[in-house]
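Chains: A, B, C and D, in written order; residue numbering restarts at 1 for each.
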Amino acid sequence: MDSRTQLTSSPFPVAETVCPVLKNDWVNDLYKHLIVEAPHGAAHSEPGQFFHLLCPTIGDKAPFYRRPMSIYRIDKAQGRLEFLYKIVGTGTATLAQLEAGETLNILGPLGRRFDFAKRARHIVQVARGVGLATLAPVAEAAGKLGIRTTAVLSARTPRHLMSVEYLRSMNAEVITVTDSEGTSDVAAVERIVRRLIEKEGGDFLVTCGSNRLLQLVQRLGREYGIAGEVALEQHMGCGNGMCFACVREFHAPEGGITYRRVCWEGPVFDIQEAVSW
Amino acid sequence: MVDMRVRIGSIELKNPVMPGSGTMGEGLAHVMDLNRIGAIVTKTITPDKREGCPPPRMVEYRDGSLMAIGIPCKGPDYYIDEILPHYREYGTPVVCSVSAPSVEAFGNLAAKLSVPGVSVIEANISCPNLEEDGRAFGMDAEASARVIRRLKEMTDRPVWAKLTPNITDIAAVAQAVEAAGADAITCANAMLGMAVDVESFQPALGNITGGMTGPCMRPVILRMAWQVARAVKIPIIGSGGMASANDALEYLMVGCSAVQIGTVNFIHPTAMLDVIEGIEAFCRRKGIARVSELTGAMRSRKEYREQQAA
Amino acid sequence: MVDMRVRIGSIELKNPVMPGSGTMGEGLAHVMDLNRIGAIVTKTITPDKREGCPPPRMVEYRDGSLMAIGIPCKGPDYYIDEILPHYREYGTPVVCSVSAPSVEAFGNLAAKLSVPGVSVIEANISCPNLEEDGRAFGMDAEASARVIRRLKEMTDRPVWAKLTPNITDIAAVAQAVEAAGADAITCANAMLGMAVDVESFQPALGNITGGMTGPCMRPVILRMAWQVARAVKIPIIGSGGMASANDALEYLMVGCSAVQIGTVNFIHPTAMLDVIEGIEAFCRRKGIARVSELTGAMRSRKEYREQQAA
Amino acid sequence: MDSRTQLTSSPFPVAETVCPVLKNDWVNDLYKHLIVEAPHGAAHSEPGQFFHLLCPTIGDKAPFYRRPMSIYRIDKAQGRLEFLYKIVGTGTATLAQLEAGETLNILGPLGRRFDFAKRARHIVQVARGVGLATLAPVAEAAGKLGIRTTAVLSARTPRHLMSVEYLRSMNAEVITVTDSEGTSDVAAVERIVRRLIEKEGGDFLVTCGSNRLLQLVQRLGREYGIAGEVALEQHMGCGNGMCFACVREFHAPEGGITYRRVCWEGPVFDIQEAVSW
């Protein structure tokens, strides 16, 4: 382990690196925002990819495998990576205990990025929960290519909306809907997305974080003949295509159902091939 | 300089450390240089195409995990055309793991896969997910021997027999495959386990049972490697629960000539490099010139005491 | 109120939780009230006096340990005169574990120990340290059956057969002991393991091999309990790697009627009380009136899905 | 575990209790001094007994079993227990990381106490290393019974001598010998102990912490026909007589060698029955 705790860089695109934690603060009652110094990771990462985090062992909490987290923000200039994560169980609980000045062992970047560069002029994002983290870097990357982004962000309450400021600072338009305000039901989101497609030239749909919203976006995609992608989750072992633990069901292009690895063929998949759950 | 080379029958490895079948993939080449390890061992290939076990496929424990993957496989042609090319470019021998539902099919598959770029056939007669209740060829000494005999007829490559640990007398199976002509023995595959999700009253794995692997299994599999080493003369490749050089040294000392690292690759993809370096450092510190001297270097406690006193 | 009673053949226990043989002692009575557990299971008694294995006797791992204790024993008379009296005062049935080197000796020992205060004879046909390489009666279905048949002839107490997990087909042994008249099956004893102290090139245990126990073994032993449960009709007492109520619930759901807690007693001597309370709380939360309803309550994943959808 | 973290007391003599740490400071470069609030433990403990400490798990350091530590001081008045421990491996390393205000799960008191009450008028202690901790409470308890104590303390350097002040405050006479001053060889200690027996009425020998000193004290005990006790160590599982992991060889009274459990028949044993190692 000694050699490992000194890892800082690697000649390989994917690397296990030990990164200083710069920040690990609450953004609301459920989520924390983690910033690590990771020049290697920041240099190689693309939107939609994830890192596999070695959450520390503390007392009874001993996460054996790493935990996958989407990159929330890639700061290539400063060599930093940011994550936005919800505390749900063992690993995220110990991750939440990390303090600035401590280190975190990360493996990545891993997985397939969003592929909108040549296909989109106006990306419509539909995100909820953890999906807000996953979709955030799309706006920044799209902006650099002159692609417009509108993000429809859904959450339980306004307090649980995240990344609104960040997305706006990247020139994305942001539409927020929440359960507490009664604006987040599928029908309401459907009206918004239809308008974006019909009136605003929305031509590429990305979604993450909600099964109901995935079903909606699949339906609208089919109806309008618009391409799109979804970022999916599954419990992972290696995160690197080796163990086949992270498979989910997909519609095979040749018909029927097939298993694919979320970490390797994904986590970003064609929206119509995804099987909703 | 420590001579790290080891000889497994007719082939020589540059060092004794390789991955376990099913615990590496192309992804590993994105993280490290595959020229540095002793061998590349590919995931088991079956004659037919398979999707593998239904998810959920894993349960995590404090010091190991239960995985029920099955053998997702796109068949031997896909292996030759799509998988093997990734590994051919390295100066590292490729060990091709095979499994089949009958002795005949085992032989045909090995013949088909004995293509340039494949240096060794490893017979996975031990995979616990294929047959009902995890029963496999490897649970029966005679059936194991039949598979190995057939493989020896059908391929000119060295054949390694990978045993199952789900067995009463592993030494008996080891002797049977040795007599059948196996060039080496891999000891061993995963132990069959299961878990229940008590909240839902359901099995935690889609397949109900799965293979328990990782550091916590090391003492049990190490004991089996020691039993096998006392029973046969062919080389043994240890496989079970190694996470560090120290763990690998245990296997070498009880009689293994090489080791396979499995589950820990999932957590630290460069773990094999640490193990190689650690073994080398140990040899240097102890003044051991050749890593092969470690094979079977364990002495009995009494011997040791006498020697210390002398 | 949850009815925590369980019936193991002809005897009723006030709850399904008891210690594993060799993992409790008089010391436990200094820490907790032995009236609260389902049964008192005493350390295996042998006909002869023994000192047990030479030290070192243990190696510690992250989630379990390897112990090579052997069966230190002062013989049956000492048991009756000195050990049993400590436990007779409690309203908790005493399960007396016995082991012997021959079928005959097994029977004589059980007869001798069928004294007032002993409610059950548990036949330890599985102890891995007694025979060479850990081989024991329990590794052979026929030998196991012979022991049980003899015990049934020699004692009127219920006989529990404690199986070894170091075996290919535990269900076959279970069926053999059931046919031989066993009143219940304890599944299972420790798995045989070993460790090397690589610094000194010596086995880490005085006995070379020892029993691997503790939480990390749970998935493997649980799978065996499930296999046994599908093979026999007599009650099963699970034993392997339980540290919490959740762990015990897994065993009950795969088909056990009661559970034995072992290694974790060494770390938390009142762990059994936590397990009892935790099981009771689970039943309350799920609206289960009798703990015995949990036995075999695991449903297949498919069934479960259908039921949820309904 | 939840119920366990609230354990504070028990109707039973031996108990698993969760104790606030009051102090855990270095006394020199090798040893730390730990004080915990433990009313139950302090009330039931006697000199020579030990507690089995549940050292925390931190990262790679995961001590599975508890770690035995002699009671260095029993403060019945304030309901406190003190330990003096050397950092040698996994468990003591994580123990050393505990800070005042945190808690420690302890099990005890365990084992057999020193038995000098009716047998001694002048106890001669010969201690080295960890033995300094184990023998310390003897002086206080002996003093209360009007029994005189002389402690011969041996250490590598004067800096590694511990408990000198504490023993003196208990009215024990203290003689220190160290390797660095060249005063600690067996012959020198032998001269001191012979003088204490011949000139000062030393009539009970206790020792702990050194094999060479044990052999010396056994020899002198036999020669002068003086009784004595030794506190021994062995790796432990349960610490409570249940697992039989902690056996050592002893001379059986009826002749031959027998195994005894250090945690149950000991850790304090008749000095002549102990087999030196």
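Structure notes:
What we mean here is this: a contact is a pair of C-beta atoms (placed from the backbone, for glycine too) under 8 Å apart; a residue touches a chain by one contact, two chains touch by 3 or more.
From a predicted model like this one, the values you see are computed outputs, not experimental measurements.
Inter-chain spacing, taken between the CA centroids of chain A and chain C, is 48 Å.
Averaged C-alpha coordinates put the centre of chain A at 57 Å from the centre of chain D.
Chain B and chain C have centres, each the mean of its CA atoms, that are 32 Å apart. One finds 36 Å separating the Cα centroids of chain A and chain B.
Shared interface positions of chain C, defined as residues touching 2 or more other chains, are 61-64.
Residue positions 62 of chain D are each in touch with at least two other chains.
The touch graph of these protein chains is a ring, one cycle where each chain has exactly two neighbours.
Chain pairs that touch one another, listed by label: A-B, A-D, B-C, C-D. Interface of chain B with chain C (complex): residues 59, 61-64, 66, 133, 139, 166-169, 171, 191-196, 198, 200-203, 206, 208-209, 212, 215-217, 219-220, 222-223, 226-227, 246, 249-250, 253-254, 282, 297-301, 304. By the touch rule above, chain D contacts chain A in their complex via residues 1, 56-60, 62. Note for the complex: chain C touches chain D at residues 22-28, 30-32, 51-52, 55-58, 60-65, 67, 69, 72, 214, 265-270, 274, 277.
Remark: chain A residues 1, 3-4, 10, 12-16, 54, 62-66, 107, 110, 234-235, 237-248, 258-259, 264 touch chain B in the complex.
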